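Chain lettering (A, B, C and D) follows the sequence in which the chains are written, and residue indices restart at 1 in each chain.
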């Protein structure tokens, strides 16, 4: 696919995700981690305007200089940003203006792409597309949160999902002790945090070929797992008690029956479906209760050829740290990954919300251990 | 005016206030005290549906049973309410649905009003209209807050306001010591908190015939009034420091010149205009600095025939307390006023945002002493 | 009594209150409203040193210049203060040093008092003694809180209190409508907030000659009073829910029996004893449940000759506001009362912890409506 | 040394650390991370009473059953605990009672140790001694915090420390790429988190033979390091701004000169001394500014034979995670380490406050990345 086609396809897909929304759904921000869809639409556009068009397209006029203030994210080097918890207070710019902003930037980008561009610039545009793909996944999870926490529990779309098949019998991939190579060695796009190809020594281990299902997780809940401190990390136990956590997010027990909120509204809990919307704390507690553990990100990467993945982001035991030789690039692009490398956990895999071809087996996703509005799940190791 | 005409006029006026808004403006809630315009539209409608239509119109079907949950306010006796600080998280029901809800209830109300109704019911409908008028004023102040705290500072409307005339020379209304009668004695609508006509003994006093202007208040600011603890109550001083308050709300010093945000956008501060958007704390500190004080609500009521009022809600020194003989009516209507009679201050007068004929000289408005998103001002006494 | 005798008696009484304490008891501050006993001992001494000795005793050397920082209270005009919530973090100065400070200041005060002093200075010394008496009451209530919130529930002293007699049959003092005079007209010491003698007009009313007992209050609790919003102010109801309040402070239900923590340890609740340690919110809710109300401070003052008082500080309906003509004295003494005249309620009477002769029927005590670590009670009116 | 001698020596050393304190110093808790010295004295004693005496010494009578409640720590399996932030509110038990408790338990321990004991029990007693040694270090750091945050800045002891010699010229230990063995292989005591001897593959690296000095760190401060976001992790930068951090803890700039609070009071900053009382955030930002990084805990362990260590706990880049094969022991001892293995950073080395022989080159200390009341420092790698 040409770069222009790749660019336009990415941009279109973002708008497709939003097409079932009402104007009001674009505006709200129920919790700090969730951003209004309007903001995602504007922020991904601001990225192309600021990092690509302004330095590279001669005569480019900013759409609206105030937007830099409104749609900035964490890019400290580019000036003042709207504090994350205030995004849901902004009724302006309107949704309509944000879509006009997208059209304006897309036209300028096509103008730029119709000229010869350097390989450095191409790399940056590909980064912008990958950045927007990450926000596509966040759009899904944030829309789910916005609708799933509305007392009317509206559906995103009315389609009828098919039931999951019963899981296969348990099986494990064996990892022999020894030195393995880790990191991305291909020639396509990858993030800086996957680079720094290096060796690691792994001990002998086994890693499950299946994800933990809702039915399996329900056993943990039913034996009282949320009331027994011994399965939990100390700070996880505080989290359970302070937030009165008694089940995965979006689970509701109604008239004695477990239901869960889905993009199609409230549905009876499918016991064969991989469990989702759980925190690292819950994943680790479940594993401890089973007498097992979560895999490290290295074990996962080494074994990943032996099992399917792509349904859930899978919590690993690994903290999100730089690979050997990792160094932040100077300037705003260098703020992309490195500055988050403390107090977060690596997730591997991809989820049903991840755009096609966006993930790979060296991809390092990361979130704080208490978060669960993402499509997160559990794969066990021992 | 017939009751039907009164009802329809009130309802229409609410929608007129909202007509310049974009859909997005109806949704957000930047601070807990401000409610989304959408919520005001729904809540005033819910009041008529719940207290008037459901008990009185045979065969009335609720528009949507879930709305009781969404649009309930403080009426504890009527079931669960949406916590005030969560109103801005709700994208549904949509603005369109809320307007449909208004049409539906208005039709049912007209049906009810076309039949003979008891005087008790008439009283309740008039209360509903007055309730909606109170929310009309809140709509103005909440819209001002929503737009005035957006980084783009959009105008509500573009009209050009005329300048204020220079204030008249200072003059005072003299009150002789003695016993005076307080409270509403007319036969039209009034709130329960104005009833309980009773005598009070007033000491000799003088009350200003003018409101304090921006220019006068600016002197207080310029001599360092916000940095001198001696003018302030102890908790007011904590408020000044904790919130880094240095001027009235909506004042901005830009390039050495004072501007203020108005419904027409940012304008140069009009020194002849009565000061507004100040807290009781600021009003009391200003009065202390002038060696004067705020009037009590009784002094204000007794003297109110001698001066104009209607531009600002005027902070009084009086705490909001029940008049002798005040008793809460059983049921939800009884929750209207009595339960707020602690830790609030009485304001007298009316503001430029108050609907015509909504106020009177016995009217008791009340707010917490730190609040200033209302159109509040200062009249001095001594 | 001579001024010297008055001074020394006051100082000695403070130390007597502390004599049963262990060193550790002097140091802690379990909540912000409670101050460590060590701080009370130092602060009352600092008052004499700063306002009396330093300006009036030639050649006086401060005991320790750092103490001004440690023992300052709310007196903004006298420089930096230790924030109230940090007092319990200070292990130094030691208790021993604080007692040495008292000895040092007492000797200097006796030296000053052996010389002729002006009547202005005498007034200030009497104020200092009354200030210390106020802190004597706080010492009692703070010690009770420190011991009564320790998991070991230690007694302050082991004496066996005698049981309360059964209350007299209900009786009421009748107040005729008319103009009454309010405020202190004697020639002895009073606070500035009692001055400004003035007339008030009272409506006809009746005020109970008895305090509400534990037994009567228990009925309110037993019928579910803490679970029924209709008796409570809106902010009171929030307070009940946010703090999970289900009974007066220091009440514990153990094996189905009500006990209360007293200065003599945990004792069976005495049903004849006046209820205590209740907030204004609870007092007002109880009164509402009984179909009555709390008296205003003016009704209380007018009727006070007809009943005993002195066991409990009695919540009134009146907000704490300046009397007509009240003006703050310039300088630190002027910070004594006026700056607290917002958002507090007046209490009249005196408590079992009040020093003898400290109160009078014009005395205006005041606290925020949610507080209940003071010895507060209920007298009803109608 | 016999086990009895080891036990008694450990217990005595704890009391020696406290000998310069006043009674008041034992009681306070200025921040949640710091515990009152009284609590350390009681908690270490409670450990022996609960885990050793009660199950193993026939006829042993608890000193006071309430103490289990007061001196419990994080041991969830042993019942209710006093919440960490409330320890400073407890004036009882008194310091004297706590010392009596120590005598009582020490006598019972000597009685037990005079009988034949199993090797399992011996292991547990050695664990108790190591546990108390850990609290000895916390006693030092907590006492420093209590005195160093008192406005009087009292010294712990008056001795005059000698100046540090100028640091040696920079030199580095070279680590060759390859597989190394990690973990404790000796036969003496170690913690469970050091077991699980295993291989790791290290890339080629260099690790400094010196700690960063105050003088070197001051350069970072002087060039504006605390004002330049680009050196900091995202959450570190929030920490800097929210807490207005501008220097290491205990540094004060007085009349243009840097001083630091030490156990001997306020002293001029010694530029040759290794920097201390810095968070991981500061250590990582300093390293980033120097174009270097912190070592991993594995690099540190492999290189540790080539340099001195023992002055500072040295932050590493490694997150605190279980070694391969780590499993929590059932019961309270199993709560010792495993449950903290999330969101903390490993520190290697030992500090000037660490008891002699308590550390070793496989020892894994751990703290949250924002904490700095411990004696923490920086060693660089590249």
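In this section, contacts are C-beta pairs under 8 Å (C-beta built on N, C-alpha and C of every residue); 3 or more make two chains touch, one makes a residue touch a chain.
The model shown is predicted, which means the values in this text are computed figures rather than measured ones.
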item: Neighbouring chains common to chain A and chain D, by label; value: none
item: Most distant chain from chain C by Cα centroid; value: A
item: Geometric centre distance via CA averages, chain D-chain C, whole Å; value: 45
item: Cα-centroid distance, chain B relative to chain D, in whole angstrom; value: 57
item: Between chain B and chain C, centroid-to-centroid distance (C-alpha), Å; value: 36
item: Junction residues of chain C - those touching two or more other chains; value: none
item: Inter-chain touch pairs (all); value: A-B, A-D, B-C, C-D
item: List of chain D residues in touch with chain C within their complex; value: 22-30, 38, 66, 69-70, 82, 86, 88-95, 146-147, 149-152, 154
item: List of chain B residues in touch with chain C within their complex; value: 74, 76-77, 177, 179, 198-201, 203, 205, 229-230, 232-237, 280-281, 284, 288, 293, 317-319, 321-322, 324-325, 328, 339-343, 345, 369
